[in-house]
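I've put the structures underneath this note.
Here subunit A shows up in two complexes: once beside subunit B, once beside subunit C.
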Partner chain A sequence: MNFIQLKNLTKVFDNNEAVVKNINLTINKNEFVTLLGPSGCGKTTILRMIGGFTEVTSGQIILDEEDITNLAANHRKINTVFQNYALFPHLNVFENIAFGLKVKKLPPEEIKQKVDKVLTLVKLTEYQERKIKSLSGGQKQRVAVARAIINEPKLLLLDEPLSALDLKLRQELQYELKDMQKHLEITFLFVTHDQEEALTMSDRIVVINNGEIQQIGTPESIYNEPKNKFVAAFIGESNIIAGQYLGSKKVKFFDLEFECVDTEFALNEKVDVVIRPEDFDVVSSEKAKIVVKVDDIVFKGVHYEVIAYYGDFELVIHTLEHLQIGKVIGLTIDPFEIHLMKTDE
Partner chain B sequence: MNKFKKINIFALGWNGLFIIVPLVLMTILSFSTTRGFSLQEIEFSLSNFSKLTESFYFIAFKNSLKYSFITTFICLLIGYPTAFILSKSPIKNKNLLLILIILPSVSNLLLRVLAWEKSFAANSILNYLGISLNLLGTDLAIIIGMVSIYLPFMILPIYSSLEKVENSVLDAAKDLGATKLFTFKKVILPLTVPGIISGIVLTLLPSATTFVIPLRLGNGKVLLIGNIIEQSFKKTFNFNMGSLISLILMILILSFMVLIFKYDREGETL
Partner chain C sequence: MSKKRYRLVSPLILTVTFSLLYFPLLIIAALSVNSSKLDYKFTGLSWKWYKEIFTHNGLLEVIKTTWIIAILATILSTIIGTLFALGINSLRAKKRKRLLMLNVVPLINADIVTAVSLSVIFSFLGITFGYPTLLLAHVFFCIPFVVISVLPKLSEIDEDIYFAARDLGMSKFEAIIKVVIPHIKTGIITGALMAFTMSIDDFVISYFVQGNGVNNFSIWLYSAMGRKSFTPAAYAYNTLVTILIFAIIIFISSKNNIKRRGR
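Entry: the complex of A and B
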């Protein structure tokens, strides 16, 4: 275990701007880990430091018990799938994929054999003679993945590899990549700003903002138990309400008392209460503590998104029921769906 | 639309007057013997072609090839590394460096050639420094002159093709384990072939047809095809021979360009 370790990894650019601050992260062998965060949060810089393309200001990168912090990129047993594919425009599909093996001076028969195998894996066998220019976005993506995994890296870095593709293709490739990762037993470190992508593919998600880790956890725990306001707001939709912990699994918000399941707070401690829009149950007004009037309804396909105001506070509610604007409804929440977080202040 | 039509007619007239008419005249002159431009005693014949075999023309043609190839080769040898260093330079204002390279080309060609001529002479301003180059009339003088004048035409297209190579592609090569040398040989060089070709065209053609440089720096001893043409019109008044050689040169250059265009289907070279 502890296959990859980032120890106090920090990057300060020439203009004294710290883009990555003191990152500590451990990744296990064959794990699929996603760095998730908004653009400019430093996730790509972390990836580039691991890949060897950006110098580390301070801290350590350890891969399989070897300190690779200052090793040149071409000596690291790491391969990268770049954001804009970065394929060699003068080479065809076969030659692009074979590049890494040619660097290693493998005999041509062995190269051919290995490339054929990878071509089958990414379903591009008929395209091997094609010029890169004539490929579609999805095909280019497959070539980029094939070109990286053929080298059997210890770690595969993927820098927003699907961001340029349309939704359907993106989803398709998400499953394929996940499959491939299980199959090949390669450790994947994936960078994305798309929370849905992160939730779908990852074994663990590392949420990053402003160059700092906000939370590390499984997709379920990140979604259900966000550690702070940023994570709650960034992953999925949520209603974040200021509240107070009353002790013995009771919390007060909207000046009402609710039962909850969290216990790790002090008596009368101020907390942020997170309620996911789909966790509200719509009931008739006399059966609930929270009573609101429907302000707006948007049809979202599977569900309706209902906007309602409790006082001045805008609540977002997802429900399967078709309500009428202006209707007065009651909202109940199961105790285990009320999630408390420490306030940021 | 009307406005465009007018411009078109103007362009057509301009081309006709300054390209088609001279071409027709040259063709007529090539296939005839005349006394200067006077067409009164015109006699159509192929006698000009038989004169082409005279060793005099052959030597000039050979010289043109020799000097232009040597010049182009040296320009490539100096130009590629220069362009490479320039494109990799960490200096923010690369355009300034580029301008410094182009700047001499903006000054008058004749002036630059004369400057070389004065410095190459046995008695020159360099005598004050205890140097007497005394190079006039040598191959070296002509080649230094040619290289200095045509070098920017080699650097610029190579530089722009180097700038087009994306950094991410170089990162990818590094990522796949390639050393700097491997990356250069297998990625950078192939991707800059279009720039190299246009650099070669842009130096080869003018250096093959120049007449000022050999005239001044060769001290009149070395004749290139351009000198023959110049002399035919200005000294011997053999307009027929001058026209014929010009035409042949033109056909050679055009076929060279056609070859390049055929090779370069993607239109990146010129």
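Entry: the complex of A and C
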């Protein structure tokens, strides 16, 4: 294990702006890991340092027990799917895919064989003679993936590869990429700002903000147990309420006492309470501690999104039934759905 | 002006303008086939001045010098200018702007200033005047033209194309030669053509850096005009150059037409 290791990886640009700060990360073989964060958080810079396109300021990159920190990009057994595909417009689909093998000077028959195999995998066999210009976004995307995986890299880097596609196609390709990764047994390092994409595809997610890792974990743990305000707000929707831990699995917020399951806090410690909108149960007002009036309701397809104010605090609630605006409702929360976090202050 | 009146006047303006532009070329062409050596007397058709290009002692020599300098200067300035453009393009916005400014200054600077300063520098450095100084000066003033025609092409291409080539196993050098250069080919060709035309008809700068009997056609013509050493073969040479340039323009535009129709 410890197939890929980033040790204290740091990048400082010429203007003394640190975009990546002391990143430590271990990735296992055949794992699908996603770097998730808002634009400008440094996730692409991390990827480019691993690919060898951006110089490392300090720290180490280790791939399969070999220190590749200062190795030239063309000598790394890593391939990349670029954000805007970066396909070669002067070559056709076949030539684009064969590019890496040609550079390696493989015999033409072998190249043909391998390209045919990959073309089948990405379902582009009939398109091999086509010019890049004549392809749709989704097809370009497939060529970009094919061009990278044909070299059988130890690690495949994907820099927001689906961001330019429409929703339907994006979802389709998410499944295809995930399938491909399982099937080919290649380690994937995926970069995206789309939390849903990260939750769908990854074995593990690394949440990044301001060049620092906020949390590393499985999609479930990141969603259900966010470590701080940033993670809670960035992944999914959430209500973050200031509270106080009262000890013995009790927490106080809105001046009310609730049962919870978290225990790792000190007595009377200030905490942030995270409640996901779908974790509220709407009941009649006499059955609940939290009583609010429906301020607004929006139909979202599967559920309704209800906005209600408890005092000045805006609560977002997801519910399956339609509620009249102005109706007084009660809200209950199961103890295991009340998640406590250390406050940032 | 009403549309109607404009329609009447516009062919007239067009005719006058183009006559003014092309009349001198026709005069030179006519003089080149005039059997008399005198400009003001047309005594009959003759091709003898065309033959004399190759037999006249001084003229053939300066034509040779002109072409050798132009070709060498074009090659060198195209290579150096393309490298400059690659370097400038890889810089961040602020530095790129500054270097672009530095590149533009020689373009708009008066030739006479460039000429005098080059001549001062060459004599200060003790470079032999003649071929070396002519070539150096021509390369010097051709480079900015190459840079300004290559740079826009470079900013058009996706920067990641270079990195994709690296990613797929190419060294820095290979990636530039085999992937980046083919993408900026048209800019390089435009730059080379501009450099060539700048070099082949340069007078002011060449005049100040010539020496040891080595000079180009324009300097020779300037000193031979109205003297005994002058020969109408110079007109013949000019006519040939004009025809050559027309041929190149027709070739390029027909090629572009084919490309456009092909799409």
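Heads up, the rule we're going with is that the second predicted complex is superposed on the first by the 345 of 345 C-alpha atoms of A that agree within 3 Å, B and C clash if a C-alpha of one lies under 4 Å from a C-alpha of the other, contacts with A are read in each partner's own complex, and residues count from 1 in each chain.
Methods note: a contact is a pair of C-beta atoms (placed from the backbone, for glycine too) under 8 Å apart; a residue touches a chain by one contact, two chains touch by 3 or more.
In this text the structure is predicted, and so the values were computed from the model without any measurement.
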{"item": "Combined model on subunit A where subunit B meets subunit C, clash or fit", "value": "clash"}
{"item": "Touched partner set for A:248, first subunit B, second subunit C, both or neither", "value": "neither"}
{"item": "Subunit B versus subunit C as contact partner of A:14, first or second or both or neither", "value": "second"}
{"item": "Touching partner for A:39 - first (subunit B), second (subunit C), both, neither", "value": "neither"}
{"item": "First, second, both or neither for A:103, with subunit B first and subunit C second", "value": "both"}
{"item": "Which superposed partner A:80 touches (first subunit B, second subunit C, both, neither)", "value": "both"}
{"item": "Contacts of A:324 with subunit B and subunit C, given as first, second, both or neither", "value": "neither"}
{"item": "Partner chain in contact with A:151 - subunit B first, subunit C second, else both or neither", "value": "both"}
{"item": "Where subunit A meets both subunit C and subunit B, residue numbers", "value": "51-53, 72-74, 78-80, 82-84, 86-90, 99-100, 103-104, 147-148, 151"}
{"item": "Subunit A - residues contacting subunit C, complex", "value": "14, 51-53, 72-74, 78-80, 82-84, 86-90, 99-100, 103-104, 147-148, 151"}
{"item": "Subunit B contact footprint on subunit A (complex, rising order)", "value": "51-53, 72-75, 78-80, 82-84, 86-90, 99-100, 102-104, 147-148, 151"}
{"item": "Contact set on subunit C toward subunit A in their complex", "value": "92, 158, 160-161, 163-172, 174, 179, 182-183"}
{"item": "Subunit B residues within the subunit A interface of the complex", "value": "166, 168-169, 171-179, 182, 186-187, 190-191"}
